[in-house]
Amino acid sequence: MFKKDSILLYSFGGVVFIITAIVFWNYYTPEWKGYQNEFQDLVATKFGAEKIQQVPQGLQQIWVEDLNRVDRCTTCHQGMEWKGLDNVAHPFKSHPQEILKKHPLSQYGCTVCHGGQGFATDMESAHGFVEHWEEPLMGKQVSDLYLIKDRRAMMQINCNSCHRYDRETKGADYINQAKQLVAEKNCRACHTINDRGGTIGPDLTYVGDKSPEQYDYSRMLGVKTAFAWHVSHLQNPKALVPETVMPNFGFNSRDAQALGLLVMSWRRTTIPARYLSGVKFSEQQTAEEAEKEKRMLEGEGAFFVKKGCFVCHSVSTLGVESASKIGPDLSEAVTDVQSRFGKQLEDFLNNPTGTMAVVLSTQIILSPEEKREAVEKLKIAYQKKVEQQTQSAAAQNTRPQATPSPSPPKR
Amino acid sequence: MATKPTVWARLKNQRATWEKIKWTWVPETNREAGDSVVRNFLLHWFPAKVTRQSLSWNYSFWLGTISAVLFLILIVTGIPLMFLYVPSVERAYLSVKDIEFTVSFGWFLRGLHRVSAHLMVAVVFLHLVRVFLAGAYKNGTAAKQNRPLNWIIGITLLLLTLLLSFTGYLLPWDQLAYWAITVGTNIASAAPVVGEQLRFFLLGGSTIDQNTLIRFYVLHCFFLPLGVLLLFSYHMWRVRKDGGLACVDQLSLEQKKENAQPIKSKTYSLLGIASGRTVHVETSIVDEDKHTVASSPNLTRRLLLVSLGTLAVSVVLTVLFRAPLEAAANPTVTPNPAKAPWYFLWLQELVTLTTFTIGGITINGALIGGIFVPGILVVAAIVWPYLDKSPVSTVGVWMARARRRQNIVFLIIVAAILVLTIVGTYLRGPYWDFYWPWQSWPTMPRKF
Amino acid sequence: MRKKKSGPEEITASYPSPESPDESVKTGGVNLSRRKLISRVGLGATLLAIGGQAYAFVRSLVPNVLYEDPKRFKVGTLDQFSEGAKFIEDKRVFIFREKNTLHCVSATCTHLGCTVKMQRLNQPKRVNAGGREFDEQVEFACPCHGSKYYGDGTNYSGPAPRPLDHFKLEVAPEDGQLVVDTSEIVRQDFRLTV
């Protein structure tokens, strides 16, 4: 009864052994290892064998906590930040350096701009053309699908997630064109976008988030995607939605594509403020304050504004007014310094005491030429002060008065 | 030269130690075979001898063993997964993606866990079918048997298995998980009187959120497996107490008609004796030598075989069918179609078909198809052994003639469940429309 | 001891027979040794497979990627560091500047890892440490178990076993910021000149 048992036992054991071997084979030869070996060969040929030590091995990831993304692209795309790999084929080609300076890898990762599935460690999954992943790599494959020649066009959707509030973003030509069209054609006449606009058409502020299933594709030709729907709709609204009142603006295909990209970029994004383009992190000056500072910078006292003296000191005769007046008016510095510190102005600037010692050694560092310039200008300021006082004294003199004229100020 | 003898002596000693460990598993005499079950901790679970028929492939198909082995695989794969998975709504999906892509052998662990889970549901169900069709839920002639109780324990184990699968299903926190649990808990809420409160308690709130996830996680990793382990131990103990598999009772009934030689010794399998008489004590009835074999090594060898076979099938399926992961859970977008896990699809199909409007009153299909029908089935199953009037001669007999009617009814119910499952799995497409297998589903639109 | 009736074949039939040469002669030597080989190979393969699976399960718990802070980070532009010492709290390092040289001292106590506190001295103190004599402006003291360090990081009191680490400093070429590399430990006399 038990004769066949051993045969079965060993066959099952064999099957388990084979499968375990397959699993281990998969473990020792992942796809990325091949690419990493290739890259090392490339580095050895181009830059010499010693440079191989600088090439990291194993899974690489860039974890951008603020954006809640983790990107493992650099496991295969190892040449991103290397110089001298501009003309090599992918995946080793280096990234255009200029934009990388403004968007360093450690702070942005890759997928926030390029799309794709950052979690993945094999090419097909990483490039995102798999089921259940809605953020494919915005490169050639997607552009070809929509017959857009510029393979950097689709990516601009992601640029606009942060650059949404720019009027114009360098390098995002489709988006810039679309934003111009929005202003020209006045989409806001019927659509609300960012709290402004009409209510005849739907609110478009976050239309990029709308689920693709919500669109009606019955009258559409071609691929059934949300992006395609928007492009078709922009080119001929009535063909897609018969009961619409949206006029046909006669957009050519490039305009329609640009607007389609813009519209798909209008999404809810949780991005920390410091990533948003155009956001200032200081209180804004009022119009009067800005105007005043502009005048002071164009006037005679510009030097004291530029060097920062005006933060504490006014120089009234040169038109420089300090907001706080912590220190005395420098128009009188020539005599003031003498009476307070017992030194000439030049000596004081070279050997300051008290608060000025701290200020002139840490916050405001003046070169010898600048000190001379300061002294000269302060002398001019003082002269002006003297003239003013003489004039005001003279003005008082012209009025009939019983009291004798006051004597001129003593030096 | 004094070292040589001691080295040799030490070597011989190793041999002896190895013999000491090995002998209970590969006994060489009958005496050793009998002794091994009392001298080995692991082997003491078993009786010293088992009937040949109990060991046969085509009586039980070893389905019970297969489910136990699958459960063991689930525990062994589940433990590293517990370390790697994070049960927080913000990180659950990310942790599963990490398991798939960055953890060494992660895809294999997760895949094996999933394959074993699906197989276990199927095998436990098949085990139930086998037990019913062979009348193995019935008592035989020996004293103090209580197979109906064991049948009830088995039903409970089936329900626990389904619950384990259900709680595990939510954990990846992808669209499939989220909406499958939405459907499932909404069916639960259709229960009369306590439905809403039950749902609130299960979810830890009114929506499927962090509370739900952590509750399901703790249930899935601790309480439900603990329940299964405890009940399983009880289940096996009852099998021993009842004298073994039901086919053994057949043997004693048949033997009563045969002439068997009286045997001198009475006490073979000490551990098999209940208070009273079991098959093994009735030595004048059962011809042990003709019908039984030693547990060690025959039972143990077959157990090893079945374990290895189960493992083999599971790992092959794991490598062939990778575990899927859909898009991250999105409470605002329902996938089309939104389906429950396959073992509940028959319920979902029922729920679709049983919404009735009588007069002006509409009865929700969730109530009929989701609560009443499965409820009635479970109650009927539990109660049936006590209502069964078939003769004791049908215990442990496959498709006994005296039980033909109940077997047919049972098979019809099983077939209905299977058909509904197949319809729900393969023939229902977007919007739950009916699609023949050769009709293609419309492609779902995407963003780009 | 009972007489064996039909027992022995069932018990030993599927297992390799004993190894003594007599037995193999009795039961047909060649067939049995091939069988032994197959069974040994089968057993070995199965055990290897099980062992491989066990290794896989343990190996899965050794992480391949880490979600941790990078060891190399920027701490600010050079003009943000004036003469003296500055404590970068969230990175646990001190940056010292003397005229146009900078160096970096770790704030992690070498005893059990607490963050040491810097104590500015009222007057410079002359100490002899590491074979040099120098004037120190600050000292470090650890609040956990009372270790004390001179301004150059040398431990002189308490349970600390060795001096505080000094980390490598660099200037980032892209924006001129000061970069601390905590994975590179340098000597106490390392200075970055700017």
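A, B and C are the chain letters, set down in written order, and residue numbers restart from 1 in every chain.
Just so we're on the same page, a residue touches a chain if its C-beta (ideal position, glycine included) is under 8 Å from a C-beta of that chain, and two chains touch if they have at least 3 such contacts.
The structure displayed is predicted, hence computed values, not measured ones.
*Asks:* Of the chains shown, whose Cα centre falls closest to the middle of all protein Cα atoms?
*Replies:* Smallest centre-to-centre distance to the global C-alpha mean: chain C.
*Asks:* More contacting C-beta pairs: B-C or A-B?
*Replies:* Taking the two pairs in turn, the one with more contacts turns out to be A-B.
*Asks:* Can you check how far apart subunit A and subunit C are, centre to centre, with Cα atoms defining each centre and the answer in Å?
*Replies:* Computed from C-alpha means, the inter-chain centre distance equals 37 Å.
*Asks:* Can you work out the whole-Å distance between the CA centroids of subunit A and subunit B?
*Replies:* Computed value for the inter-centroid distance: 58 Å.
*Asks:* For subunit B and subunit C, let me know how many angstrom lie between their CA-based centres, rounded off.
*Replies:* Here subunit B and subunit C have centroids separated by 44 Å.
*Asks:* Among the residues of subunit C, pick out those that touch two or more other chains and give their numbers.
*Replies:* 10, 14, 46, 56, 64-65
*Asks:* Any chance you could list the residues of subunit A touching two or more other chains?
*Replies:* 1-2, 5, 9, 13, 16, 19-20, 23, 27, 59, 61, 70, 72
*Asks:* For subunit B, jot down the residues that touch at least 2 other chains.
*Replies:* Answer for subunit B, listing residues that touch two or more other chains: 98, 102, 104-105, 108, 298, 301, 308.
*Asks:* Write out the stretch or stretches of subunit C touching subunit B in their complex.
*Replies:* Its residues touching subunit B are 1-2, 4-8, 10-12, 14-15, 18, 46, 56-65.
*Asks:* In the complex of these two chains, what residues of subunit A are touching subunit B?
*Replies:* 1-2, 5, 8-9, 12-13, 15-16, 19-20, 22-23, 27, 59, 61, 70, 72, 119-122, 125, 131-134, 136, 138, 142, 145, 154, 211-213, 215, 217, 224-227, 264
*Asks:* Quick check on the complex: what are the subunit B residues that touch subunit A?
*Replies:* 52, 55-56, 94, 97-98, 100-102, 104-105, 108, 174-175, 298, 301-302, 304-305, 308-309, 311-312, 315-316, 318-319, 324-327, 332-333, 336, 443-448
*Asks:* Note which residues of subunit C are touching subunit A in the complex, please.
*Replies:* Against subunit A, the touching part of subunit C is residues 10, 13-14, 38-39, 42-43, 45-46, 48-50, 52-53, 56, 64-65, 67, 70, 82, 174.
*Asks:* In the complex, go through subunit A and note every residue touching subunit C.
*Replies:* 1-3, 5-6, 9-10, 13-14, 16-17, 19-21, 23-24, 27, 58-59, 61, 63, 70, 72, 101, 104, 106, 362
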